[in-house]
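Before we start, here is the structure in question, set down as structure tokens.
Lettered A, B, C and D in written order, each chain numbered from 1.
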Amino acid sequence: MSLGHATPAPPATTDEIMAVVAARELRGTATCFVGIGIPSTAANLARRLYSPAVVLVYESGAIGAKPLRLPLSIGDGELADTADVVVSVPEIFNYWLQGGRIDVGMLGAAQIDRFANLNTTVIGDYDAPRVRLPGAGGAPQIAASCGKVVVVMAQSARTFVGELDFVTTVGHGDGPGARERLGLRGRGPSVVVTDLGVLRPDPSSRELVLTAVHPGVELATAKDETGWELRVARDLSTTVPPSTYELSALRALVAEREPRR
Amino acid sequence: MTEILALDEAVAGLVHDGDCVALEGFTHLIPFAAGHELVRQGRRELTLVRMTPDIVSDQLIGMGCVRTLVFSWGGNPGVGSLHRLRDALEHSWPHPLEIEEHSHAGLANRYVAGASGLPFAVLRGDAGTGLEGRSPHVAEIACPFTGERVSAVAALHPDVSIVHAQRADRSGNVQLWGITGVQKEAVLAATRSLVTVEEIVDALEPRPGATILPSFVVSTVSCVPGGTHPSYATGYSERDDAFYASWDAISRDRETFLAWMAAHVLPGAGGITP
Amino acid sequence: MTEILALDEAVAGLVHDGDCVALEGFTHLIPFAAGHELVRQGRRELTLVRMTPDIVSDQLIGMGCVRTLVFSWGGNPGVGSLHRLRDALEHSWPHPLEIEEHSHAGLANRYVAGASGLPFAVLRGDAGTGLEGRSPHVAEIACPFTGERVSAVAALHPDVSIVHAQRADRSGNVQLWGITGVQKEAVLAATRSLVTVEEIVDALEPRPGATILPSFVVSTVSCVPGGTHPSYATGYSERDDAFYASWDAISRDRETFLAWMAAHVLPGAGGITP
Amino acid sequence: MSLGHATPAPPATTDEIMAVVAARELRGTATCFVGIGIPSTAANLARRLYSPAVVLVYESGAIGAKPLRLPLSIGDGELADTADVVVSVPEIFNYWLQGGRIDVGMLGAAQIDRFANLNTTVIGDYDAPRVRLPGAGGAPQIAASCGKVVVVMAQSARTFVGELDFVTTVGHGDGPGARERLGLRGRGPSVVVTDLGVLRPDPSSRELVLTAVHPGVELATAKDETGWELRVARDLSTTVPPSTYELSALRALVAEREPRR
């Protein structure tokens, strides 16, 4: 007889790596303002793995939502049903977000620049758009008022651009002092998690610096998929791959997202 | 003070070509049936105000009812683009669409100012973004005490605000609960209001988290069970996520879209349940 | 994030001489027990903020705890004057009292601005009244869209806000219902907060009309059943109208007042129930 | 045997006349913002006698209160328990009163002048008060934003003064055009009901004119109890005395105000 080894789970997909790495960024977070998509997946994973007490806040007004299944929209009934309280949309923005009570905001974007400014409005010219995107929603105020911002988005030469087609949301503006000059009270983006690696703003220049690549990702690829001269940390590290524990928790979470009875 | 009318009479009486019409409902309680009635009655040149234009807005735009869209986030949540909105903006089909774009906080506070009888409201706005200077209804203002610069947004006063709620009583007091969004402010900011409801009851039993709109601020109530499908009414229905997903294919192509509207919304159609 | 402490520890830890302390509760849920603890701990030089100073304010003023009172209506509702407040203003007893006076709308909106993280709020204020120009925290402001002149009020940020509620759970989430007044705004505007409650429960069952203060905005909860007497807590107690009436005679004379406080509030006293 | 006559009810007191006459002024009112005291008594009497559908709004946030017993305070539990909805204090002032949704406001005062401006703040000098009064409360905004205002107060040379010690609430300011200049959107005081009679502002001069005296009140008394040269309507009338029906309804209402079990 032998101590049979369990057959290993399939390796993590790039979306799974993004979700797990973003979730790790929420360790110790008390309150998190959550957008839909991978940010929501990451926030809910963090609540299960690292921060069971984290208060998830959705712009639909749900405070303390504890969804059993991943919501498809920020107004999903599951969010209201499991929340500590549901407030109006004006109240969530005025009293809770603008009031400066939220530690971390999670955002995605279609375009990002070297100072982590974000575009979710338009590709091409605003008045003659090549691709019209949804627009601002809560993003400008999330980035302005949360203590810090975690950005999660796929990295490519199309998304990591030298100049945004439209500045929907200010990250670090044009660099040092920009947020202070604009009266933005949160500290802004502290990390950008992509499918290739992790970037963090340089403390002095505020420009994004590649600090880690995910397992199997070549540095050259990260540079090629960045529309500007990408700065790389001297101590560039490789992301600790998702553990079996992290992956199984993530896959269980996603599996719960099935059509309603 | 509230009239209780059939939906077609209500819309015919309250909404005219060229009106500024707010349709609110933040994912939850979206007034789809009333939006479809606007399409059936062939309303034109509307200024449509909606924080989160989604399928119903896509339908109104694609059917040519809308001249100007005032909004803060336009998409099919969790699915993708609104193809009719994009076609209007990218290719002026069926005709050019003007837009006035805000952040959620900016547009929500325009309703708050309107509901409060104030000419404007103050918020920490969109400093440093491309939204600055694009709306005539957003300006910078200095705090008279600290000198700090913040944003002012102009009060919004729709001619008509249309929302969907779970219940009304026979005198027109309205009760909604779950995600209540910006509906109270939209109704209080408007000159006229239409509330479609799942049911009309003798008495509104109190509910946790419920918002009440007293009848003296509600012009008209119409009983339209299921009138929020494919959105949902907490306690009555669940969100039809599958329909939201299917809309992507229906709306991507102009002919497919028009055929779907003819089959499900236009006069003589069988209704929207696919 | 919320500490659950005995009332004396809570007050000792949160409130210091010279602090700006808001005690709110609009007739309902007035935090009397916490006010009495301030008296017992001999707090001095407080700036007391309370929209509707009533008996508890009269007691704090008469015991010399308050240097400045920020308020909008000071009286014994349905009974008459606050004699300790009047004695302080008319005869500087026990010492001179500074006041900053607003209308209800003005002071309520100072809390709203504070809760909203804004430097000021806008309202239709006190144009043409004698209140104009008396507070450094009220100014005129022009609408950047219409030019109309309205009032701006400066954000209020108490060092500590103290309120009473029906319930909290063990993690410090607070639930209050009935007349909820300005308590949410007072707590959200403050640097620290103390909520005294009728009871601490395992889970907050939802209640119609309830306001929830999540634990992450509540510094400290103290369980003080009956801590709002002679005010009341809907669902737990009724307003002691007879005590409000009797306060007129108790408070009219300095010696009678001091004897009553010694007998009912000061250390070693038997508690306030007459 | 005789058809014995019922013993007549005791005659109306001056407070009862004020309450009944003020209640009559609320005929046809849809929404009324109510202060405590005689205004509250009058509003509740009107709801029982003339306007069963009137929505009574209290500054404590109770909208549509239907108290069975007269409240002692504007935050009486009875008001919340019987209301259609209870909103926060900021909301009642911002959305409901300032929003311009209330037809009639009812106010009392310690002093009034010829233009129906009101003082509830101080007798004597503000900084060295002879009598310190409660202050403004909701009165300035009630008078500014309600469609019209009904003032109810006892009339004497001490209360009807040539010059207010403090202007807490603007009625008609200094006369024609004053409210417009101040941006006050309601029409202001339309009637003042006292224990001696009824006064209404002259449409052109906005000065209060005595239009009726209560039964048994001499015109000379009304003039003596007014601290300015009182103008009298050419068609001065005598108040229709409270009917048995009105009086018994009022006395039933007041009788219900007994200490709680």
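Here is the rule we go by: a contact is a pair of C-beta atoms (placed from the backbone, for glycine too) under 8 Å apart; a residue touches a chain by one contact, two chains touch by 3 or more.
It should be emphasised that the depicted structure is a prediction, and the values quoted were computed from it without experimental measurement.
Chains making contact with chain A as well as with chain B: C.
We define each chain's centre as the mean of its Cα atoms; on that basis chain B and chain C are separated by 40 Å. Chain geometry summary: the mean Cα position of chain A and that of chain D are 58 Å apart. The residues of chain A that reach two or more other chains are 85, 94, 98, 145, 185, listed in rising order. Annotation for chain B: residues 116-118, 123-124, 148, 150, 184-185, 209 touch two or more other chains.
Inter-chain contacts, as defined above, occur between A-B, A-C, B-C, B-D, C-D.
Touching chain C in their complex are the following residues of chain B: 116-124, 137, 139-141, 143-146, 148, 150, 152, 154, 206-210.
The part of chain D that touches chain C in the complex is made up of residues 36-37, 59-62, 71-77, 79-81, 85-86, 88-90, 93-94, 97-98, 121, 126, 129-141, 144-145, 166-170, 173, 178, 182-185, 259-260. Contact residues of chain B toward chain D in the complex are 1, 115-118, 173, 184-185, 188, 212, 214, 216-217.
The part of chain C that touches chain D in the complex is made up of residues 26-28, 51-52, 71-75, 77-78, 81, 85-86, 89-90, 101-105, 108-109, 111-112, 123-131, 134, 148-150, 178-182, 184-185, 209, 211, 232, 234, 238-239, 241-242, 244. Those residues of chain A that touch chain C in the complex are listed here as 30-31, 55, 63-64, 84-85, 94-95, 98-101, 145, 185.
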